[in-house]
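Just so it is clear, A, B, C and D label the chains in written order, and each chain counts residues from 1 on its own.
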Amino acid sequence: MSEAHPELGFLRKYVFSTDHKMIGIQYGLTALVFLFIGFSLMMMMRWQLAYPGEAIPLVGGFLKNSWVDNGAMLPDFYNQLGAMHGTIMVFMGIVPLAVGAFGNYIVPLQIGAPDMAFPRLNMLSYQAFLIGGVIMLASFFMPGGAASSGWTSYPPLADIATTGQTYWLFGMIFLIASSLLGGINFIVTIVHLRAEGLTFFRLPFFVWSQLVTAFLLVLAFPALQAAAIFQLMDRLAGTSFFLPSGLVVGGEQIAAVGGGSPLLWQHLFWFLAHPEVYVLILPGMGIIAEVIANNTRKPLWGYRPMVYSLLFLGFMSFTVWAHHMYLTGMGTTMSTFFQATTMIISIPSVIILSCLVISLWGASIRFTVPMLFAIAFLPMFGIGGLTGLPLGLAAPDIFLHDTYYVIGHFHYVVAPGTIFAMFAGIYHWYPKVTGRSMNLRLGYAHFWLSLIFMNGIFMPMLFEGMAGVSRRMFDPTGYVHAQAAHTLTLVTSWSAWGLAVSQIPFIINFFWSMRKEERAEENPWQATTLEWATATPPPHGNFDAPPVVYSGPYEYSVPGAETDFSPQYVKQEG
Amino acid sequence: MSEIVIPYQVEPHPMTGVTSGKLGIWVFLASEVMLFGALFSSYVLLRVGTPAEYWPSGVEAGLNVPIGTVNTIVLITSSITMVMSWASLKMNNLRGFKRFMGATIGLGLAFLMIKSFEYSLKFSHGIFPAVGWPEATDPSVFNALYFTLTGLHALHVILGIAVNVWLLFWGISLFKSQPERFAGRVEISGLYWHFVDLVWIFLFPTLYLL
Amino acid sequence: MSTRPILVVACLVTLLGCSGEPAGEPDAQPEAQPGQASAEATPSPIPSVDAGEKAWDPALGTATVSGSVKFDGKPPRSRAIDMAGADEKCAELHGGERIKPETVIVNDNGSLRNVFVWVKSGIEGWSFPMPEGDALLDQKGCMYEPHVQGMRQGQTLVIKTSDPTAHNVHGYAKVNRPFNRSQPPGASDIMVKMKRDEASPPMKVKCDIHPWMNSYVAVVPHPYFFVTGADGSFKLENLPAGTYTIEAWHEKYKTIEQTVTIADGETQTLEFTFPQKS
Amino acid sequence: MDDPQYGWWLPPNVSVHGADIDAMIIWIHWFMLALFVGWGIFIAYCLVRFRQRPGHEAVYAPIEARFSKWLEIGVAVAETVILIAFAMPVWAKLKTEFPEPKDDPVVIRVVAEQFKWLFHYPGKDGKFGRAGSEFFSDDNPAGLDFDDEDGVDDITVRGLHIPVGRPVIVRLLSKDVIHSFKIPVMRVTQDVIPGMEIPVWFEATTTGRFQVGCAQLCGLGHYEMKAALVIETPEDFEKWLDEEHKALGLD
């Protein structure tokens, strides 16, 4: 392994690389760009919501004639933006960033592996992801426009929607394939390629979270695959899996056999989409755990309980899907079951969160930029989790269902939750990837602005939801109660644009630090995990000699040790 | 492929007792189980949701049980030949491997041929995915399910055949250098093939007999 | 990085959208041009003349087919539209009055309104001069005006809204390109160029927001069509001598055809009766 | 017809069962607030007391496990209580205990279509006329069979009129796609699934003019899918029925 590596050509090195680090970087940059796109779509929607029917500034004039009227948004375009914002953020932004980028780059390093178990499969899954993403974006410029039936694509609406929906389905199939391949790769890698001495209970929590995530991907996505196949058949072959008999659209009986069930889609979709929620959050939790352990300079409190909760969480997430469907005419028994499972699944999340919180006790906290994001994650994710409580219960859901409260809830989980975790991860591992450390001041600016605006966006949404304002409305002001809450909408919109501005320091920091002269030290955070055991940036093949692990992942401030951190890969005498 | 060596590609992992490839295919099959599981549960959900008299049995819907049975036998036989080809490879009998692998591919193609014949038969009777069961006033989605499920299964068969063909004509070059590794690949393809076979063994009664 | 070029492009286009029209036919989406409803108003030169077509000579048009459309039977029940419950803005435009759907209107003289009578065959091979101006479809008081109309192939259909509420015009064209576009109050007119003839059945236009709003537009390759009005009569003038199939179409009833042969200068009378006795 | 006050919190509640739901929402939020504040204080305290500074060192294993156990158990218990004591009864009441004929409920058939609501009252004879998807047409949005005598006096309007103090049962149907029948002030939301008829019931406590809305994305006109909700005294309601009856050309 240690013999010299011949220089690879540009294509092999950057485009068709099989090196997990390069693939991780590809995933990362692609995902960041997609995140930015998804965010831009949302900023346009926020304009329409804040100032209904007024011409969109800056971009309005450039938009396609079928999207806008004199620069003012048209309802159909709004629905396209809504559907695509959700799809892009979930399937093309956060998952590739959390799993594809961080997973690919960090996991093999943290387990002391030369690469992923199946490097070429790895490359393939990135390419599938890229193709899927491009199809999704391309659908905007098809005659019928992009998918406009929400990211949940409920039939019959999605069945009778314009061609964009077909592209959405094809895109999804690619993204699903990508996730499946990735998941398989991660499972095998983590199970097989752990360094000598790295037992499961010496794995960093981040690796654990990736393992569980991988299982969720592999086992949950097929359900959506099946659903997508059915919907494609409905749209292309004229079947009616999701179409009951006797549908009348636009005053005409639609030409379909009928006999299908619209609810079938919802069951299949949510069977995927609820585990998907945990796919979104678990890697984030993993990163947060790493950062907190490292910056509190002490072991995570309750590492084992956290791992067990993680496994339990993963398992339970397959049993709660129908709590998205309380109001589809569900009976008492069913709803009771799913309310119970929903309450149960909240326990492990509480355990993990409180373990992270309690880890602060007795620590010596370094307020580094990643740590700031990690600390902010705790209460933000806390809000996200807590607001899930009333939604998880059927009765309050009667009022809150499909209001902005729901949007506030899950955005608190993924935006100030996962996205903050992602930022923490970027700041934390940037020195590992580039060999440079990011600028502090810009980092602080980025953090504080983001924190303020994130809450500025999503806190008002919770109140709007309380006021009963429904989501996915092109122009809610037709409703009296929505007019009363319009001020909140304005706050949200302006905060959203503010959030965009507050990313500028990050972007500058990200690219400018890369060009910096002076290199960061090999182990700038004085961390204990394996990724810091090798050169920076790690060579092809990662480790010159396969590392050996002697201790648990977070051996900080070990009594009697001369430094306050005892790396896994260093043998402690005695 | 770069020259870095990734462990457990040939030798089994002490803990799991299998090579990475085999573990991978097992995980993949697990997700395939979830896929077909989802499809079968959809079948159940749709059937339960439809009044019994509107849901034809396979025969009523004009499915030809004898042909289906023949196909089942063909596929099961192909599974056997698959095992044989792998076994003979293990016994360093390359000719045997080629013969049996060829047979497997042949049987796979035969299966597809019979299936396409069955399809054409239905098309000629004007039965398409989008057509409900004519006897029912409120048609069911039986035909749609039949075509979708069997079609998807056929896709899996095609994929399996493709892999086997590759192994037989191109992959075999690996045999000289690393016989063990090649045998491993054949075994993996075999596992997949048996799964596809198994799926059909569930599909056949569900669609034709129930 | 390898991916950056693609992504930069993707991100740019998504941000700005493409200022031009998407690939495919330029009229894929109905144009909405601010304040130039009569962009097509100038009499356009004779459109796509096939090799076989000879220019029309007005001197030939001397014959006339006229007549009336009777209604025989009991008019189907229908309920007046309660706009107030759905959209106050609509109702106010009618002073709270409820109006009946315009589907079947039987005139006092027992004739049927909104029947589209046209020469279905017998007039091929001519290329007729285009009329001046566009065909107009107005949205007034959450109803379409007119309910049934004919227009010439190649003419532009201009859809305007005079209502203080949002509409969404959905053209269920089967031969031409279907279109679907929202029209908030005060939005610019929607213009759709009708390239192909689509007269039997005519194109249906519906408002997706107000389900009761519907209208029919027949696109005819020649000027010989007529929509029956308050007296149920029709008149197809300036026909050359010949044998023609005259079709009378109504949105609810089975279409009726009659053949007629006329010589120069003569006038023939036809009578159609809905619903057709079978 | 006093115009109710809307704000940044729950809109006024005009239904009998709404009080339970509101109470639940409020209580859960107090519970959430308590947890959140507790956590917040703990975090803040840690951040100050355990900040890195000269002469301060982290402790390898500061506290033993017991502390958090109580927290989790507490949360679990609280959730169970909420679930069993509040959530289930309310839900069961709404989904199973439908008004019986003796409660003299107003029964209304609601047809949802892109993008308006249509309300179908049985009329004076109290019998719904035959109706079905095969009858839907532009001039017959309710899908009435006009040959059925029971249907002659059926009232089909696009605004919802209901009397105070009488239970109302709405039977929800959809012509085309999934809609969601939402009346915020009535604390009612119910998805309308094509191919199913889903009944919901509620009872108004005060008169007033409100709005019915759609809460499930149903296409580009989704935001316009509104209907007027008029809650009247029983007398006014009867008067309204008579007017509609006359409007049909019946005595």
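Heads up, the rule we're going with is that a residue touches a chain if its C-beta (ideal position, glycine included) is under 8 Å from a C-beta of that chain, and two chains touch if they have at least 3 such contacts.
Treat the numbers as computed from the prediction; the structure is a model and nothing was measured.
Asks: Which pairing of chains accounts for the highest number of C-beta contacts?
Replies: Summing C-beta contacts for every pairing gives the maximum at A-D.
Asks: Going by C-alpha centroids, which chain is farthest from chain D? Tell me that one.
Replies: The chain farthest from chain D, judged by C-alpha centres, is B.
Asks: Indicate the whole-number Å distance between the mean C-alpha point of chain A and the mean C-alpha point of chain B.
Replies: 34
Asks: Which integer distance in Å separates the CA centroid of chain A from that of chain D?
Replies: Spacing between the chain centres: roughly 32 Å.
Asks: Could you tell me the distance, in whole angstrom, between the mean C-alpha positions of chain B and chain D?
Replies: 48
Asks: Send over the residues of chain A in touch with two or more other chains.
Replies: Each of 74-76, 245, 250-251, 261 in chain A touches at least two other chains.
Asks: Can you list the chain D residues in contact with two or more other chains?
Replies: If we look for residues of chain D contacting two or more partner chains, we find 113-114, 137-138, 219-221, 224, 226.
Asks: Quick one: which residues in chain B touch 2 or more of the other chains?
Replies: Residues of chain B never touch two or more of the other chains.
Asks: Indicate which of the five shapes (line, ring, star, complete, other) describes how the chains touch one another.
Replies: Drawn as a graph, the chains match no named shape, so other.
Asks: Between which chains does touch occur?
Replies: Chains touch in the following pairs: A-B, A-C, A-D, C-D.
Asks: Any idea which chain C residues touch chain A in the complex?
Replies: Spelled out, the residues of chain C in touch with chain A are 1-4, 6-8, 10-11, 13-19, 21-24, 28-32, 34, 166, 168, 170, 172, 180-184, 187-188, 204, 206, 208, 211, 214.
Asks: Quick one: which bits of chain A touch chain C in the complex? Just the residue numbers, please.
Replies: Residues in contact with chain C: 14-15, 17, 25-26, 29-30, 33-34, 36-37, 40-41, 53, 59, 62-67, 69-70, 72, 74-76, 130, 133-134, 137, 140-143, 250-252.
Asks: Quick check: in the complex, which residue numbers of chain A touch chain D?
Replies: 74-76, 78-79, 82, 148-150, 154-157, 160, 243-251, 253, 261-263, 296-299, 301-302, 305, 327-329, 331-332, 335-336, 339-340, 343, 346-347, 350-351, 354-355, 357-358, 360-367, 375, 378-379, 382-383, 386-387, 389-390, 393-396, 398-403, 463-464, 466-468, 470, 472-476, 478-481, 483-485, 488, 556-559, 564
Asks: Per the contact definition, I'd like the list of chain D residues that touch chain C in the complex.
Replies: 113-117, 119, 137-142, 144, 146, 156-160, 219-221, 224, 226-228, 247-248
Asks: Contact residues on chain B for chain A in the complex?
Replies: Going through chain B, the ones touching chain A are 1-8, 13, 15-16, 20, 23-24, 27-28, 30-32, 34-35, 37-39, 42, 45-46, 49-50, 54, 128-132, 138-141, 144-145, 147-148, 152.
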